[in-house]
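We call the chains A, B, C, D, E and F, going by the order they appear; numbering starts again at 1 in every chain.
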Amino acid sequence: MKNDERYQKGLANLEKVDREGGKSVIKSLTGLSEDVGRYIIEFAFGDVYDRGVLDLKQREMITITTLLTQGDTEPQLNVHINGALNVGLMPEEIIETFIQTIPYVGFPKVLNAITVAKEVFKDRGIDFTKTNRIE
Amino acid sequence: MKNDERYQKGLANLEKVDREGGKSVIKSLTGLSEDVGRYIIEFAFGDVYDRGVLDLKQREMITITTLLTQGDTEPQLNVHINGALNVGLMPEEIIETFIQTIPYVGFPKVLNAITVAKEVFKDRGIDFTKTNRIE
Amino acid sequence: MKNDERYQKGLANLEKVDREGGKSVIKSLTGLSEDVGRYIIEFAFGDVYDRGVLDLKQREMITITTLLTQGDTEPQLNVHINGALNVGLMPEEIIETFIQTIPYVGFPKVLNAITVAKEVFKDRGIDFTKTNRIE
Amino acid sequence: MKNDERYQKGLANLEKVDREGGKSVIKSLTGLSEDVGRYIIEFAFGDVYDRGVLDLKQREMITITTLLTQGDTEPQLNVHINGALNVGLMPEEIIETFIQTIPYVGFPKVLNAITVAKEVFKDRGIDFTKTNRIE
Amino acid sequence: MKNDERYQKGLANLEKVDREGGKSVIKSLTGLSEDVGRYIIEFAFGDVYDRGVLDLKQREMITITTLLTQGDTEPQLNVHINGALNVGLMPEEIIETFIQTIPYVGFPKVLNAITVAKEVFKDRGIDFTKTNRIE
Amino acid sequence: MKNDERYQKGLANLEKVDREGGKSVIKSLTGLSEDVGRYIIEFAFGDVYDRGVLDLKQREMITITTLLTQGDTEPQLNVHINGALNVGLMPEEIIETFIQTIPYVGFPKVLNAITVAKEVFKDRGIDFTKTNRIE
């Protein structure tokens, strides 16, 4: 089952988006529920991410928005903020995506998402103070 | 207070995004809580929508994603699906935005959002079956 | 079981808060699940509402806040906006309670709650435009 | 793509669970987003419902619990309360499932779910007062 | 008040379900809010868990489903995954319960719940890789 | 922009409510998104907290209720339980506010909020066992 076309397409998309981050989620499921990892690859990355119409930058923008909004998704936000950077979103665009949700979800969830972004940016050596001149 | 710069910028952005839809929300608040309408114009549309970095198409994509995700937002989804079309998103891109959230929120909320989109498309005379050839 | 002290205390508190509104919820459960109605009376109104420390105005302020925040609670908001008025909260205080949540939950849920409040105020003949002079 | 094994298995499971209710959801998506209908059949009913370990009665019990808990899922609750009855859950077991969630989600969502159940039971001519002798 | 019948029934049910896990929650409330602990015993375990119609395995299946769905319930999921095992659910059935929710809540909440289950299984020396042969 | 009247009013209100706690949130945003910190001061504390009708004790009671209800807001609950104490709410009133929500949100979120309150009370040297004699 693992070698079918959906799985291969999904794996290719997962690698574009998540690189090591996503793979380690899949790996951490091994032995407990490989099937969930397989569904993520086949359904999320093989079916959904592969549909076209939207590009990967748009898809990651949508993904970090839905993760921020539902809350209690810190590990997934970490993976997909990394994913957003991997497919070419700028740090400013990620923070700006979070800010756009403030009128709809309020400040607490946005502060939580920014906290995760700060960790990701720091881990990747992004000096956000330089790239984000606001006054 | 209503004549300050934030209010005027907000009103201009509201008109770009929501046209009559947004105005009727603001109008419906008159007499009960004009202040909430004013905050929507000043803060949501004057401060946040006016920030740059992201364009209005991206901002509406983020907005319909966060509304879909939190649920119980049918009137707001109606306004912002209209808003998304007003600023230039294609019907396919709106439906595709909803589909991208399936792996993160499941089917029920996506079905609810598609139901609202169907009404909006019908109200605007958009024949989606013609524009969305899927097989 | 129905005649015990908790049930009687609960019924007395229910009558103070909800008058006909709450009773009709309990009545609508008859035949389907009387037990749920009984738990509402015994646990919610007999145990919790009867605790002291906070008065009924504070308890209703907390209740409408938690209902607004979780969303999809229109019938319960209707009952407890009525309840809030019954125990002495002013219409302005109810709307102000909703406005205080904006920075924490965003505008959509607040707009939904205000819509319910408008119906309740109208049903009770409250002319809010007279009592709420804002500029 | 529609004729593959996953789709056929999914369709068979959908028919066991939802009979006409589920089919009408799928049909209502035609022309707007057939793909979402296809994913529901392939992924939800073809992959997930077909896994074994749990039987369909358990799967529907889990489904109505998760729908009740997230809220704003009235149409889906209607379909799956019907589904629960179709696969052999008793009306009492459905109401009891809802009651078990009270300590974890509170009364409002449970009252909303019972309201939907009442409509379903009435539509199917189930006289719940006869089958639910509580004192 | 503590010695009444509801409290005693609740304590007996709590011991069947949670053994040490639940007791330590109750104990941790001592001095801050014993009343909340008492309500959990009297209402959740004395009234609700004691109702019959569903057995304890079904009640725990419902409980872990509602906890997974609402999110931000890691400590409670830990207690009730333990509880589910205590009353006789198999590790496979717990993981399968989580997987059944994927089409309704998406992957993130399911991954979070599996993470908690992994810890619980590890703490109890359950070698899930042996009992869960999937291909 | 920072020196306008809204910012100054907001800063004054922030100092009344959060003292060091709120300032450290604002400070932690410096360099990543100062604008979010500015919006919190201008909109949340300058516009909303400054409205009158409700006093700061009522506003903090509403705030901790909405934070508890949405979940995944531990850092914000910590700040606003401190804020509630700063503006004059008694520890008993804070715990009682949480208890009032049990019938509407269930036990898990209330237990989580009490856990945060325990930490805050401990940090401030409040011996709650002395002030909370319940039997």
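Assume a contact is a pair of C-beta atoms (placed from the backbone, for glycine too) under 8 Å apart; a residue touches a chain by one contact, two chains touch by 3 or more.
The model shown is predicted, which means the values in this text are computed figures rather than measured ones.
Q: Go through the assembly and pull out the chains touching chain C as well as chain F.
A: A, B, D, E
Q: Based on the averaged CA atom positions, which chain is farthest from chain E?
A: Following the centroid criterion, the farthest chain would be B.
Q: Would you say A-D or D-F is joined by more C-beta pairs in contact?
A: When A-D is set beside D-F, the one with more contacts is D-F.
Q: Please identify which chain has its centre, taken as the mean of its CA atoms, farthest from the centre of chain A.
A: C
Q: To bring chain A onto chain C by a C-alpha fit, how many degrees must it turn, rounded to the nearest 5?
A: 180
Q: What pair in A-E, D-E or A-F shares over half of its contact pairs, by residue number, with C-F?
A: Answer for C-F: the repeating interface is D-E.
Q: Taking each chain's centre as the mean of its CA atoms, how far is chain E from chain F in angstrom?
A: So the centroids are 30 Å from each other.
Q: Can you pull out the residues of chain A that are in contact with at least two other chains?
A: Touching at least two other chains: 35, 39-40, 43-44, 51, 67, 70-72, 76, 99, 101-105, 107-108.
Q: Once you've mapped the touching chain pairs, tell me: line, ring, star, complete or other?
A: Topology of touching chains reads as complete, every chain touching all others.
Q: Which residues of chain C touch chain D in their complex?
A: 1, 25, 29, 31-36, 39-40, 44, 67, 70-73, 75-76
Q: Please name which positions on chain B make contact with chain E in the complex.
A: Chain B reaches chain E through residues 101-108.
Q: Considering only the defined contacts, which chain A positions touch chain D in the complex?
A: Counting only chain A, the residues touching chain D are 35, 39, 43, 47, 51.
Q: Residue numbers of chain A touching chain F in their complex, please.
A: Interface residues on the chain A side: 71-72, 95, 98-99, 102, 107-112, 114-115, 117-118, 121, 128-129, 132, 134-135.
Q: Using the touch rule from the top, collect the residues of chain C that touch chain F in their complex.
A: Contacts found on chain C: 40, 43-44, 48-49, 51, 53-54, 58-59, 61-63, 65-70, 76, 92-93, 96-97, 99-105.
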